[in-house]
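Just so it is clear, A, B and C label the chains in written order, and each chain counts residues from 1 on its own.
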Amino acid sequence: MGSPLPSVRLAIFQGPLDVLLRLIQEQKLDITELSLVAVTRQFLAHAQGMGTDDGPLLAAFLRVAAQLMHLKSRALLHEPPEPEEEAAGLLEDQLRGYERFRQLMTTVAAWQDERGASYQRTAPTPLPEFAPPALVGYAPADLVGALAAVLEEKEDDLPTVARRTVHIETYLERIDALLAGRGRTGFREVIEPAQSLEEIVVAFLAVLEFLRLGKAAVRQDALYADIRILPADAARAANSSDSASAAPPVGVAPAVHAAPATDQGHARDAFARAPLEGG
Amino acid sequence: MPLPLTAVLEGLLFVAERPLTVREMAQITGRPARDVAAALAELKAASRERGILLQEQDGAFLLVSHPDAAPYVRALLGVHRREKLSRPALETLAVVAYYQPATRAEIERVRGVNSDHTLAVLLNRELIAAGERRPTPGRPIEYRTTFEFLKHFGLGSLEDLPERERFLAALTGAEAERDESA
Amino acid sequence: MPLPLTAVLEGLLFVAERPLTVREMAQITGRPARDVAAALAELKAASRERGILLQEQDGAFLLVSHPDAAPYVRALLGVHRREKLSRPALETLAVVAYYQPATRAEIERVRGVNSDHTLAVLLNRELIAAGERRPTPGRPIEYRTTFEFLKHFGLGSLEDLPERERFLAALTGAEAERDESA
């Protein structure tokens, strides 16, 4: 899945980035001790050393970085441990299994459209000479129960009752639709329907997935500016015809270069507060 | 490979709730009446050795279980009658009981699912009966509960149905909502 | 000449209100279960070119109309095109169908999202049913597809699920990967 991630040298760990993520997920390392700024700096140094237009490498890094950020923000916020603990791993699974599962689901969906249903008989079977034996134990309460069930089910059908689940597929499809519609979009537009921080993280991972698959390119012109998303082919065309312009190379987020040089402590505070403000 | 006409007709007659005329079947299948009649003759000949016979009554056709299987069929229906009603059947019965007279479309609108088969089950058990046709488009059949129904549920009359007013209000409300969302 | 067993069984299945087990049919006909099973296999093979379909799941059998006759049947009954399942519901249903018996945790592991709501929708429509509790920690409920599911898709049995092998490989693959990374 893309280029191998570089190694980092940190106070608490030395080695490849994906190993770092795994150790933290397995709670063998304390995420609160980890400096995300240091990780980012070392990665950028590595990336600049080998040329900055390696899109898949950047996407792979962003994916790991986003998960580290997510884990760290949760650690700092002292969220109660939930089954959601595995969220990062599940998202990863989703991304990996998604293409395969999607193909198969297309088969099933088409199959619902094409195949006919079977029907049972609707005619009663009269046997006049038949003496009906008694039914067993019914009470009027049975009718009340059955009717209450019918009326309750209706309420279950109401969308307001549905718990909102965040599905990465939703955002993959949304980005696809937005790109197909106007040929471009931005991260702010993508997250318009988002209702929680988790949903924004999922949307971000969806953007990364597009990047990883080489189906889109992203640009961010300034710190905190909207992340523009373009289809990969359009971005390539724009780049070759527009090479004289000062636009940064596709796939690089200059916001990272422009990040203020803070020490670890400040960075930690920033991470702790940001989710509260955003959520 | 499309289904042969004999098979299509067999499928139609299998689910039909009443005998079908050649004309009706020609209309539904979009085939000439002559072809339909020929296919029915073929089906009739083939069904002689099967458990399902094709019968002709006053120019209409219906499938029935073979008369030689009648003792077994009777035994099975006896088994069925001693069984508890399935959840869908009980639901359907409750809707008919509180709403009556109720048409199939009304029942399905409240339940939100196809109820053809469960209506047949309730008719089989004589818990409901088909009544008049309603003088509205399509002239749908109206269903009512029977005396058997009152007996089995230990009710003196329909007025003894518990919480009648409340459920009637809820049912008509449910129907209105379904109409809106449809 | 007495009616052959296949014909008797066909007659029984024709009038049955619900799926019949081999045991029930053996009891009613007074024939050994082995003979009944053999006759049913014969009936199944013979029904391939007919307008009816013999469905089977877990040793129970149900006679329904052939799926290819569905457009005509719908025209006859005046039923609308069956209500389509939403994408998430279809996804959950597919996981249960190919994986069964499946627990909620297993379904969510494959789908990667909370599936409470879609499970409730599928249970309401009786496309799946809650079965036994699995004797593992937490004693989770196992879900299986129903005859309603076979009818919805016009399938003879779960073995007729399309691309079964490929799906199963994909599903267990997803789980294996998950276990490794856990």
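Note that a residue touches a chain if its C-beta (ideal position, glycine included) is under 8 Å from a C-beta of that chain, and two chains touch if they have at least 3 such contacts.
Given the structure is predicted, the values throughout are model-derived calculations rather than measurements.
J.: When you average C-alpha coordinates per chain, which one falls nearest the overall C-alpha average? Tell me, please.
T.: Located nearest the centre of all protein C-alpha atoms is chain C.
J.: Counting only C-alpha atoms to place each centre, which chain is farthest from chain C?
T.: A
J.: Using mean CA coordinates as chain centres, what's the chain A-chain C distance in Å?
T.: That gives a centre separation of 33 Å.
J.: Where the CA atoms of chain A average out and where those of chain B average out, how many Å apart are those spots?
T.: From the centre of chain A to the centre of chain B is 49 Å.
J.: Centre to centre, by mean C-alpha position, how many angstrom separate chain B and chain C?
T.: From the centre of chain B to the centre of chain C is 23 Å.
J.: Got the chain A residues that touch at least 2 other chains?
T.: Within chain A, the residues that touch at least two other chains are 119-122, 125, 153, 157.
J.: Among the residues of chain C, which ones contact at least 2 other chains?
T.: Answer for chain C, listing residues that touch two or more other chains: 14-15, 63, 65-66, 68-69, 73, 77, 82.
J.: Which of the residues in chain B come into contact with chain A in the complex?
T.: Those residues of chain B that touch chain A are 14-18, 62, 65, 70, 73-74, 77-78, 81-82, 84-85, 87, 90-91, 93-95, 97-98, 110-112, 116-117, 119-120, 123-126, 148, 152-155, 160-163, 167, 170-171, 174, 177-178.
J.: List the residues on chain C that touch chain B in their complex, please.
T.: Residue positions touching the partner: 2-4, 6-18, 20, 24, 28-29, 49-52, 63, 65-66, 68-69, 72-73, 75-79, 82, 125-126.
J.: Taking the complex as given, what residues does chain A use to touch chain B?
T.: 119-125, 127, 130, 132-136, 138-144, 146-147, 149-151, 153-154, 157
J.: Could you pull out which chain A residues touch chain C in their complex?
T.: My answer: residues 22, 86, 89-94, 96-97, 100-101, 104-105, 107-109, 111-113, 115-122, 125, 153, 156-157, 161-163, 165-168.
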